[in-house]
Structures are given as C-alpha cells and as structure tokens.
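Next come two complexes built around chain A: one with chain B, the other with chain C.
== the complex of A and B ==
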C-alpha cells in the first residue's frame, strides 16, 4: 500500500472554479477528513481523486504512479456514497460479492471473503435479505462490506452518514474507524460535520470556497486555527469574533475590545497593526462571566440553553450578540454582567485576509 | 321542515349525513363499474357466445346463449384452415419482433437521454412525440412508397420497423423518466468496483427497469397485435399479412366463411393479449416493489 499525493488539483465547471490549486498528501494508513461548508468543493475533490470526475489540471499519484488520467475502474479504490447505493435487486450477499464477481473470483473465494467481511461488520444473519428489508445503519454496514471485500488502494467516504440520525452516527463512527484501520490504506473522508471530522481523523483538511484553508491534527486545527474561517468552522459553539484596535503603550501593545482593554505585551507580529484594527477570535469556553458589569465587556443576559453538563448563555453586547459557555448551574435571569476574555486564548486575525497574525 | 340550507351559529352547514354520503359513494362506485363492465364486456360476451353456435343458430335470430340444439365447437376448426393459420403465425412473429425491438431500443435510448447531456436534448425528445399527431393511415401511405423502394413490403422486418416506430416515442419517454429515478451513485459504485459502463448498465440499470420494460412490452404488444392499418398496407400479399387484415380479407372474399367462424377465430385471437397482460401484471407489481427502496 502507498501514499496518495494530490498536487495542484484544479477543477473548473465552465466559469465556476470548484477546486482551486489543492495539494495534499495522505500517508499510508492515514485517516484524513476533508471538511467544509456545502459547496466548498470537498465532494468535487473526492470525485476527482476517485476518478469519477476528470481534473482540469494537477496531478493525482498513488505512490509514484500517476493515476490522473486513469478512469475510476482502474484506480482500485473503495468509495462509500451518501445515498448508500446498494443494488435493490440483489441480496446482501450478491451486493457484497459484486466487486469480486467483476474480478472473476471463484465462487468459494467470493463466499469466503463475503463471510469474512460480514463477520467483521456483524451482519452475518442479514446475508440473504434484500437491501429494502434492512435499516439505514445495516444498509451502511453492507455498503461498507461491499467496499472491503476487495483490498482497496484507497478508501473514500462521501458524507456517508449525513442521512443518518445522531444515534446511528455515534454507533457507526467507531466502526468506520476500526474498519479503515484494519484495511490499512489511505482514507479520505468528506463531511460537513466538524464533530465527525474531529472525532475520527488523524488529520483534518478544512476547505472553504474551493481552497484548502488548513491541514492539521484535530488538536492543531482546534487550538491553532490559521484562519478566522477555520476558527469559526471547527469547534462548537462557534468561535466569537470581535473587531478590536491595537495601540502601543510603553513598548507593549494593548488591544481594545469595546470598553475593555487587554495588555498583551510586546508582540512583533502585531507591530504592524499598531494604531490599526485586528479581529480577535475567542472560543465561548474561554470567556468568563462576572457579576460586575464594569469589569470587562458590559453585557445584557438574554437567555440560557441548558445542556446538563454545561450551559450556553447568550448575551447582548455593544459588539453584537455572543454565546458564552457557563457552568451547568448558571442562570442569567436577564440581568447585566461583565464578560472577561482570557488573553491567553485570544487568536488575532487580519481583518481583511482573515489570516492568523499573532 | 328544515330549510334547504341548515346552518349552526358558526355558519357551517350540514346538508348530507355520513350515512347518505357513503351510500351515494357506493352507488357511484358500483354504478360506474357496472357501466364500464357492460360497455367493455358485452362485445366480448357476444363474440364468445356466438362462437359456440352453429351457423343456423346464429341465423335464427338473437339469442343470448347457445341452446342445446345450436351448441357446437366445430367452428373452431377454422384454426386448422391453412390461411388462417398463416395469418396467426404472421401475427405472432410480427408482435414478438415489435416487442423485442421496442424493449431493446427504448432501453438504449432511455439510458442515453437519462445519463448523457447534449445540446437540445429535451427538444429532440419532445420532437419524438410529434409522431402521435398523425393517424396511422397518414403515415402508412408514405411508408408504403418508401418500403416499396427499399424492398421491405411483404417482409416481417418492414412491418416490425413500422410498428416499433409507432410504439417507440412512448416507450423511450417512459424508459427515460424511469432511468432518471435510479440514482447515478448506483452505477458509480459499480464503476468503482471495476465495472465498465456497459457492464454497469447491464448489471445495475437493466434489472431495475423491469417494470418499465414490462409496461413497454404490454404497450408494444397491444399496438402490434391489434394493428390493422400498417399490416393491411405494408403487407399487401395474402401470404404475408397478419391476422386483423387477414380476417378482413377473408370476410370480403368469396369464400364460404360465415359469422360463426369469425366469432370463433376472433375469440381465440383475443386470448393472447389477455394472457400476456394478465401474467405480466404480477411481474409489474413485483418490479414496483423493488423500486420502493
């Protein structure tokens, strides 16, 4: 098995640039999630890698092998579709054996491989049923089984869980992880669900508007977002953003957010913004609510969403409505509070480009 | 005595009670069913009962069932008349040819329309339906001249082509719309597994179009089996023609053939479409069960 390298992949549909100069290497056995909002080009990227779509320019390599011009049939990949795509006129067994049948494998070999896969996926008692007799989760297991009866060079997932309910997702996530690890080839998983991306991946590639914003481990993209978009897209509740101004005082820099001032010491990266504006991003978990309205940002409490283990409280501030993660027992009762931002957790972004600058 | 329009304080009126409604509904339902059965069934009944009468029995006057003296099955011997046998054989060959041609061509054309994009696709598909604006006789006479030049007159292939062309617009249209309901990802998953486009079409698309294929074959069967105009014009030879024009010619010939024989042979000829539709109906429903995924 081999690495998969995508170099400068571009895909245009007429005037529309769906994927713009996309480069990424997926190492052997690595699980990479391509995540982004709908229409960001992630599915198009996957279809180009699969060979279902031809790329406008760029290269796709499996190991040293350039497969850019190979049709999908010759790439030897496995692909799980969003709508599952089981064949309704074939039994589960026939569905799973179909790739082997195309290969011309003997009947014994087909039966053995199907049984092996079915055991791994715990669907041995479903083999003689038809797809429409199965539940959504079982159908997805069969589809997974169909893709692993042959050793694939690469595993692709095209939002396979977006039509399933939350409980099933939780059930299938570890299964996907387990199966891809056992198969052991490079895996590219496409989703718009950042939680799926965070929980399943070795690395996450965040896409927006046809371009790759950042690639990194779940911790990296969560803790050190390189762009404001990544900061907002990864992590729930969404990162809060404030327009802030930078000023110099006694050789150290101050950041003014509304009526609150934060001293951040000397910072070369921010020097160029002296006297100008930046965007500050901070996670709702890193904002503290205090009783004194004059301490930090003055905020009027609006309402609480109780989650049991924590509360999401919404506040109206002069800088807009923001969400704060508060302790489980917190009840705001619509009075006035002060909000304190933790300077250590503030991320500074360029107000125009959205790039991280601190 | 209530006024014609009783209403409560909110202005709602209650004119017909539920009991009367359901009685009226049943009357309407069974009444219309009875009318339909009478209109559709009576000719068949009339044909059937006369088929079992002797020639004298028919000439005696109107009776609703053959009596003991007039009952006979000897009229069915006409089936062994070589000319009639020939007509029937021709009908079977032409009908089978039309059904097969329509299924094959509609599958390929429907798949092309559903899966490939080209300029003016929908316009060309609509243009197909123009064929239905003309009555068969308008089409058959120019066809006669063309077939004559091509040497296709009195040949099975000529009539099969003409009748297939008549069935085709509907069949292609149906197949196109039907294949559109099959998700493209099903084919794509076959390609991913290594299947060529042809193999994916054969293994994944064709089996799923069973209900549409059956609907098309019933339609094509009905057109081909019942066709008179095209067969009469494009198969001028007595040897070559199919049953409907054949029996018409027989009737007009000087042969000693009477009503009773016509009724007998007509009854027999009505059976194949009946059986064809009856047996395929159950397949049709099975097919729809599969699509319900």
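== the complex of A and C ==
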C-alpha cells in the first residue's frame, strides 16, 4: 500500500472555482478528514481523487503512480456514498460480492470474502435480505462491506453518516475507524460535521471556499487555528470574535476590547498593528463570568442552556451576543455581570485576511 | 340492545352515519364508495359490456347484413370459423404481424430511450421529435407512406427500386407487403416503447453507476447489471401492451393494404371486417372477433402469470 499525494488540484465548473490549488499528502494507513461548510469544495475534491470528476489541473498520485487521467475503474478505490447506493435488485450478498464478481473471482472466493466482511460488520444474518428490508445504518454497513471485499488502494468516504440519526452515528463511528484501520490504506473522509472530524481523524484538513485553510491533528486545529475561519469552524460552542485595537505603552502592547484593556507584553508579531485593529478570537470555555459588572466586559445575561455537565450562557454585550461556557450550576437570572477573557487563550487574527498573527 | 339516548344532531346529513334500505345496512363508506364508482361503472357498461354482450349475441346468430333478421344458429358460426382456411391463415399472419412489430418496436424503442437518456444536451428536442411520430394520426402516417411509396413519384419507391430491394408497388408485393406494414407500424409506435423505457431509465440514480464504476464495472457490465435489471419490469409491461395493441391493430393495415395483396396482410381484425362487410355475414364476423378476444384473453393471462411484470416493476 502507498501514500496518496494530491498536488495543486484545481477544479473549475465554468466560471466557478470549486477547488483552488489544493495540495495534500495522505500517508499510508492515515485517516484524514476533509471538513468544511457545504459548498466549500470538499466533496468535489473527493470526487476528483476518486476519478468521478476530472480535475481542471493538478496531479493525483498513488505512490509514484500518476493516476490523474485514470478512469475510476482503474484506481481500485473504495468509496462510501452519503446515499449509500446499494442495488435494490440484488440481495445483500450479491451487493457485497459485486466487485469480486466483476473481478472474475471464483464462487468460493466470493463467498469467503463476503462472509469474512459480514462477520467483521456483524451483518451475517442479513446476507439473504434485500437492501430495502434493512435500516439506514444496516445499509451503510452493507455498503462498507461491498467496499472492503476487495483490498482497496484508498478509502474514500463522502459524508456517509449525514442521513443517519445521532445514535447510529455513534455506533458507526468506531466501526468505520476499526474497519479502515484493519484495511490499512490511506483514508479520506469528507464531512461537514466538525465533531465527526475531531473524533475520527489522525489529521484534519479544514476547507473553506475551495481552499485548504489548515491541516493538522485534531489538537492542533483546535488549539492553534491558523485562520479565524478554522477557529470558528472547529470546536463547539463556536469561538467568539471581538474587534480590538492595539496600542503601545512603555514598550509593551495593550489590546482594548470594548472598555476592557488587556496587557499582553512585548509581542513582535503584533508590532505592525500598533495603533490599528485586530480581531481577537477566544473560546467560550476561556471566558470567565464575574459578579462585578465593571470588571471586564459589561454583559447582560439573557438565558442559559443547561447541558448537565456544563451550561452555555448567553450574554448581551455592547460588542454583540456572546456565549460563555459556565459551570453546571450556573444560573444567570438575567442580571448584569462582567466577562473576563483569559489573555493566555486569546488568538489574534488579522482583521482583513483572517490569518493568525500572534 | 342499548337505548340511544343521545339527542339527534339535525346538522348531520343522512349518509354520515349510514342508513338502511329495508334489510340492507348502508354505511357511510358504502354510500360514498358506490357513489364514486357508479359513473365509471355506468360508462364501462355502456361502452364495453353492452357492445361485448351484443357481439357475443350476434356471433350466435346468422345475420345477413342487408336483411338484418337475426336467426339463432347456436355455435355453428364458430364451427364455420374454425373450418375456414382463411381464418387459420389470418391467425398466422396476425401472429407474424404482432411478434414482428413488437420485436422491432422494442428494439428500436429501447435503443432510442438509451440514446436520449445518455444525451446531456438536446435530449429534450430529440425526445420531442421522437414522440411526434406517435402523435401523428395514423391516417396521416399511412398517407405519408402511400405517397412515398407511390410507383410514379414516391421517394421511398425510387430509393427502394434503385437499390434493387423491390420492384413495382411495394405494398402490392405479396411477399414483401407484410414486412412493409410491420415497418411502417413500427415507425409510428416505437416511440411508445421509448416513452415507457425513458421514464424508467431516468429513475435510476447516477449513484448506482458511480458505485459500479468504483467496483470496477465496464460500460457493458453497468448496462447488464444495473440498467437492464432496472428497466426489465417496464419492458415486460411494454411487451404486453404492444403485443395486445398490435394484434388488435386494424386501422394502419386497412389504410395501407386493405389486407392485400390477396390476403397477404389479412390479420384477424381485417378478416373480421371483411367477413362482416364484404361477405355480408355479420354473425360470422362477430364470431371471428370473439375468437380473437378469447385468444388474447388466454394468452394475456398466461403472460401475466409467467412473466409477472408487476413483481419486476417494484423498486
């Protein structure tokens, strides 16, 4: 098995640039998730890698092998679709054996492989049924089975769980992880669900508007977002953003957010913003609520969302509506508080480009 | 029995709780059920049951056309039908016409549907053109072909003769006229098959083909394993419909050849007509028609039993 390299992939539909100069290497056995809002080009990227869509420019390599112009049939990939796409006129067994049948495998080999896959997916008792007799989760298992009866060079998932309910997702997630690990080839998983991305991936590639924003481990993209977009897209509740101004005092820099001032010491990266504006991002987990309204940002409590292990509290401030993660027992009762931002956890972004600057 | 102490609600109408006529209890469902199917039932009786009954009755009588006094003769018309040489001949020719034109329409119709379904641009225009042939009235189609086959200035005639395919008037050629009639009918009716098949083809999701490609399927394998099984049910239905329609086809044959030359294109409906109006035997003509009807009925039931299209049509 081999690495998969995508180099400068661009895909245009007429005037529309769906994927813009996308480069990424997926190492052998690595599980990479392509995550982004709908319309960001992640599915188009996957379809180009699969060969279902021809790229406008760029290269796709399996190992040293340039497969850019190969038809789908010759790429030997496994692909799971959102709409599952089992053949309704074939039984589960026939569906799963179909790639082997096309390969011309013997009947015994087909039966053996199907049984093996069915055992791994716990669907041995479903083999003689037809797809329309199965639930959505079972159908996706069968589709997974169909894709692993042959050893694929690469595993592709196109939002395979988007149509399933939350409980099934939790059931299937570890199964997907287990199966892809057993198969052991490079895996590209496309989803718009950041939670899926965080929980399943070795690395996450965040896409926005056709471009790759950041690639990194789940911890990297969560803790050190390189752009404001990544900061906002990864992590729940969403990162809060503030417009802030930078000023110099006695050789160190101050950041003013509303009427609160935060001293951040000397910071070379921020020097160029002296006297100008930046965007500050901070996670709702890193904002503290204090009783004194004059301490930090003055905020009127609006309501609480109780989650049991924590509370999401909403505050109205002069800078807009802010969500804060508060302790489970916190009840705001619509009174006035002060919000304190932890300077250590503030991420500073350029107000125009959205790039991280601190 | 419980005593109904509820006050009568005068705002309710008589049929909302049902009512009874003598001993017949009529519930609200019954009332509305019968009321809604009654018009259809009446219409069906008027345009189907009465004429069929009339035809069966006539087939049991000797009815000279110019002196329509019905003389009851029992089954002797049927005995006579089965003794007619031209009956068996017309049955054979009817079978040839039915099978031949159904096969050609199926082949051409499915092929056209596959082509239109593949096109990304111009498929609307092309399908409109194809379906036009089905919408042109039969009389226009036959006039068109009669003009084109005219021995003096017909363009098809000129082409056929120059290529050495036939000599003289094509439809006057004993050995070729049946083939010509089959082809002309197919020109008009293939679009029916296209319409049916295209609808079914368009209901196949692209995903099926993408999943098959991922599995390594070639174009032919995708056709064999996805397209064909998905349209098979529709094809079974369309074969049934076309076969029945073609076996009963009267207008296009009569307008082209009147069953000629000789009896080369005399199928069963043509025979029923000529027996009635040329041979002046209304009863005998009806007997032919009834035999035809029974033949279709039996073959239809057998076909539906063994081919069972409804089972194949399910998605």
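Please note the rule applied: the second predicted complex is superposed on the first by the 358 of 358 C-alpha atoms of A that agree within 3 Å, B and C clash if a C-alpha of one lies under 4 Å from a C-alpha of the other, contacts with A are read in each partner's own complex, and residues count from 1 in each chain.
Throughout what follows, a contact is a pair of C-beta atoms (placed from the backbone, for glycine too) under 8 Å apart; a residue touches a chain by one contact, two chains touch by 3 or more.
For clarity, every value in this text was computed on a predicted model and none was experimentally measured.
**Q** Should the superposition on chain A be reported as showing a clash between chain B and chain C, or a fit?
**A** clash
**Q** Touching A:335 in the superposition: chain B (first), chain C (second), both, neither?
**A** The answer is neither, since A:335 touches no partner chain.
**Q** Is A:131 touching the first partner chain B, the second partner chain C, both, or neither of them?
**A** Only chain B; A:131 stays clear of chain C.
**Q** Determine, under the contact definition given at the top, whether A:98 touches first (chain B), second (chain C), both, or neither.
**A** both
**Q** Show which residues of chain A both chain B and chain C reach, each in its own complex.
**A** Residues common to the chain A contacts of chain C and of chain B are 50, 52, 71-73, 76-79, 81, 83, 85-89, 98-99, 102-103, 132, 143, 146-147, 150, listed in rising order.
**Q** Can you list the chain C residues touching chain A in their complex?
**A** Chain C residues touching chain A: 205, 207-208, 210-218, 221, 225-226, 229-230, 315.
**Q** Applying the document's contact rule, which stretches of chain B touch chain A when the two form their complex?
**A** Result: residues 183, 185-186, 188-196, 199, 203-204, 207-208, 210, 290-293 of chain B touch chain A.
**Q** Once bound in the complex, which stretches of chain A touch chain C?
**A** 50-52, 71-73, 76-79, 81, 83, 85-89, 98-99, 102-103, 132, 143, 146-147, 150
**Q** Under the touch definition given earlier, write down the residues of chain A that touch chain B in their complex.
**A** The touching residues are 50, 52, 71-73, 76-79, 81-83, 85-89, 98-99, 102-103, 131-132, 143, 146-147, 150.
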